[in-house]
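The next block holds one structure in the form of structure tokens; read it before the comments.
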Amino acid sequence: MILKTVKDAKEAVADIPSGAFLMMGGFGLCGIPENCIEALLEKGITDLTIVSNNAGVDDFGIGLFLKKRMVKKMISSYVGENEEFERQMLSGELEVELLPQGTLAEKIRAGGAGIPAFFTPAGVGTEVAKGKETREFDGKPYLMERSFISDFSLVKAWKGDTAGNLIYKGTARNFNPMMAAAGKITIAEVEELVPVGTLDPNQIHTPGIYVQRIFQGKKYEKRIEQRTVSTYK
Amino acid sequence: MILKTVKDAKEAVADIPSGAFLMMGGFGLCGIPENCIEALLEKGITDLTIVSNNAGVDDFGIGLFLKKRMVKKMISSYVGENEEFERQMLSGELEVELLPQGTLAEKIRAGGAGIPAFFTPAGVGTEVAKGKETREFDGKPYLMERSFISDFSLVKAWKGDTAGNLIYKGTARNFNPMMAAAGKITIAEVEELVPVGTLDPNQIHTPGIYVQRIFQGKKYEKRIEQRTVSTYK
Amino acid sequence: MLTKEQIAQRIAQEVKHGQYINLGIGIPTLVANYIPSELDVVLQSENGLLGIGPFPTESEVDADVINAGKQTITMLPGSAIFDSAESFAMIRGGHVHLTILGAMEVSEHGDIANWKVPGKMVKGMGGAMDLVASAKMIIVAMQHCSKDGHSKLLPSCTLPITGVRCVKKIVSDLAVLEIDPEGGFILKERAPGVSVEEIKSKTAGKLKILGEIPEMQFN
Amino acid sequence: MLTKEQIAQRIAQEVKHGQYINLGIGIPTLVANYIPSELDVVLQSENGLLGIGPFPTESEVDADVINAGKQTITMLPGSAIFDSAESFAMIRGGHVHLTILGAMEVSEHGDIANWKVPGKMVKGMGGAMDLVASAKMIIVAMQHCSKDGHSKLLPSCTLPITGVRCVKKIVSDLAVLEIDPEGGFILKERAPGVSVEEIKSKTAGKLKILGEIPEMQFN
């Protein structure tokens, strides 16, 4: 097997330059690469373009990048849990491209899969269709969407082995697998890094071929946005 | 959960009519729906169009359909392990559409995913490109390929639960997951049918939403095409 | 006039045995509470889960198990987890039978607007555009009128739309209506105590009234 | 002239540390036997496996674990299994670095024909068209001439092609050649005991001979 281990987040992100095109896994704050985010904050690079379904909250996740003005452009499906985001967007400091969530997911999947473009019904007749080709198949209109490939994809998994094979847990999987496949360089941080041969080949979510660097995160806060509990059962 | 259990293969395929458009999982003889094949042979329907990566061998798998002249058209990437196939093809009794294996896999995946068409570099400049639109993206030519949706998809898994969730084993996975998603009606046969709640939600390969009928196969021969062993290790 | 809970309750009557359902944020989420327990249905969460269970107890809370509204939830026996591309493959491919979502406006042709108000902060469409473009059955839960009394059932949407000719049915605080494929809101039921006249006066789009309009029934 | 084993052995010298590799059926499969053990590489099987291990012992044989040639194989520690769509996503997306496959003809522009002979039974292209359309590095293992002595390295292919301008390097029983992006076979090495003259006479396409041509080295 080809070993992908790096020491820590700092080493993993060392060569990410200002102006890079990044993908960052997660849905809300669930399944985000917390350790890579921290390491990038310390590096303090700027002018990033970031593909991420959401933009974090004011004091966690990508929200921290916004505070430090590290982001030039966000490509997301849903933002607004974040006042600094709103301020920068309304003032024009931050460029924002909003895409339907399924279109976003599929553009990333297509990028990793060597498919330059595909057709989807989502967004036909809406603002999202502006500047895009519309075409009918079997009498129904579809938009042509181009795929995304990142310079660096930062993903977070539950377990990973030193060959880069990843297993996610629960709904923390979300955008991580497609982003792992769509990165020219993919950096995976995991809660538990295990030796090759520990994970069942039949149960790998992201095959190691997609991962160039892997490390075990120092700690995971796993902040919850909407802690909702039922008191009875 | 929505329960999908049917009694056996006979009940599962009871309403498949002559002329149906079928997808059948498997790579060679690995991971094929043996029990559904047997039940369809007994029904003796004809004029089937079958999407399957291969066409079985003379006396097993889809080869048995060919012997009984049940097939009008095969859509495959690699056929030729099968003399009766060759005879029917050369005599014009059997229509054959050959597609690059990755294109075949992606046409099925796209069908299940509601994507009517996509672009691939495979086959550009070859016979496969005939009648298909060629288009450049970033200076490289691609073919536009349309997706496939079947009337019935017949897939084979290792374990399944009564809600239709499936887990495959080893390389018997192959085309089965995409075909499961691309069937208007998907019939899954499994080696072991377990109650809902037995399988780990994190480790499901095919979510039950794609499966309309499931049963435990009576027996599996699992014939091997190229038994290759090493005598030393 | 119906409360939000009653709108959810009325919509729950539309749910059929064996359906896979996606519930939007807000009133649609409440529908889950009113689905009769004898119906087997599965709720899909577009962040990657089939089989949404009840909210967790304090000790069950798992930051890695949330719904599309970012709320902590539980899974059920028979649940399945998948990634976002697979989740929207499911939605786009028509495997999710029923989508219930909120709206700011619906046109008499079934266009829906629910993601953007010009001049206000745009939060994004999330999965709504994918859902309305593909689900076989789309039911909208909404208030018939805005807070300042303007009808939200219009000849055509004034806000940027989320999807074209996709809404099949509306349950508002005043009425149940179906979209006529040829255009128009077909009045099917009145909320208890609400007159046809009131609904007429509060529907800006073309309202079609065919015969006697019954009152909604709640069990 | 090289034996099939020697062709495989020479190709194995092209393999680099850290590569993911797809080996076609025939001579390419033999390459695996000659990859130096100090190089970490991973073999991909397009039916859905990364990490092809050796053939199984009798007791290890598992009908559910085969390679793309339908042979029973084993998996290695660190292997991963996936479906056919994912397998070709990997290939099409350029994640597989090196493809080694056989050919019936190669043109001086790097076109390859290896799937169909008119008038003969067509078995299908399998994964070859996807592989040649996407791999970054494509090396062909082939006989320089057909059994009846015709060159298989041509100005342009006469057989239906599998891919256009994709082959980068050829290892035949006579020589190692690279495709010049501007057209032509650049002769890089001679098989032991084979003269440049012989290679010249057996290459129908444009042969480019730059300087002294060394003999292949085998360790």
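To keep things simple, chains are lettered A, B, C and D as they appear, and every chain counts its residues starting from 1.
Basically, a contact is a pair of C-beta atoms (placed from the backbone, for glycine too) under 8 Å apart; a residue touches a chain by one contact, two chains touch by 3 or more.
Fair warning: this is a prediction, and the values are worked out from it, not measured in the lab.
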(message) Following contacts chain by chain, what is the lowest number of steps it takes to reach chain B starting at chain A?
(response) 1
(request) Could you pull out the chain whose C-alpha mean position is farthest off from that of chain B? (result) C
(request) Round to the nearest whole Å and give the separation of the Cα centres of chain A and chain C. (result) 29
(request) Mind checking the centre-to-centre distance between chain B and chain C? Centres are C-alpha means, answer in whole Å. (result) 36
(message) Quick check on chain A: which residues sit in contact with 2+ other chains?
(response) 106, 109, 113-115, 120-121, 168-170, 202
(message) Using the touch definition from the top, which residues of chain D touch two or more other chains?
(response) 49, 75, 81-82, 85, 88-89, 91-92, 134
(request) Pull out all the chain pairs that touch, please. (result) A-B, A-C, A-D, B-C, B-D
(message) Show me the residue ranges of chain C that touch chain A in the complex, using the header's touch definition.
(response) 45-49, 54-58, 61-73, 75, 81-85, 87-89, 91-92, 111, 116, 121-130, 133-134, 160-164
(request) Give every residue of chain A touching chain D within the complex, in rising order. (result) 1-3, 109, 111-115, 161-163, 165, 181, 196-197, 201-202, 204, 207-210
(message) Residue numbers of chain B touching chain D in their complex, please.
(response) 27-31, 53, 76-81, 86, 89-90, 96, 98, 100-106, 108-109, 120-128, 158, 168-178, 205, 222-231, 233
(message) Using the touch definition from the top, list the residues of chain C that touch chain B in their complex.
(response) 18, 20, 40-42, 44, 49-51, 75-82, 85-86, 88-96, 134
(request) Would you mind writing out the residues of chain B in touch with chain A in their complex? (result) 106, 110, 113-121, 137-138, 140, 142, 146, 167-170, 201-203
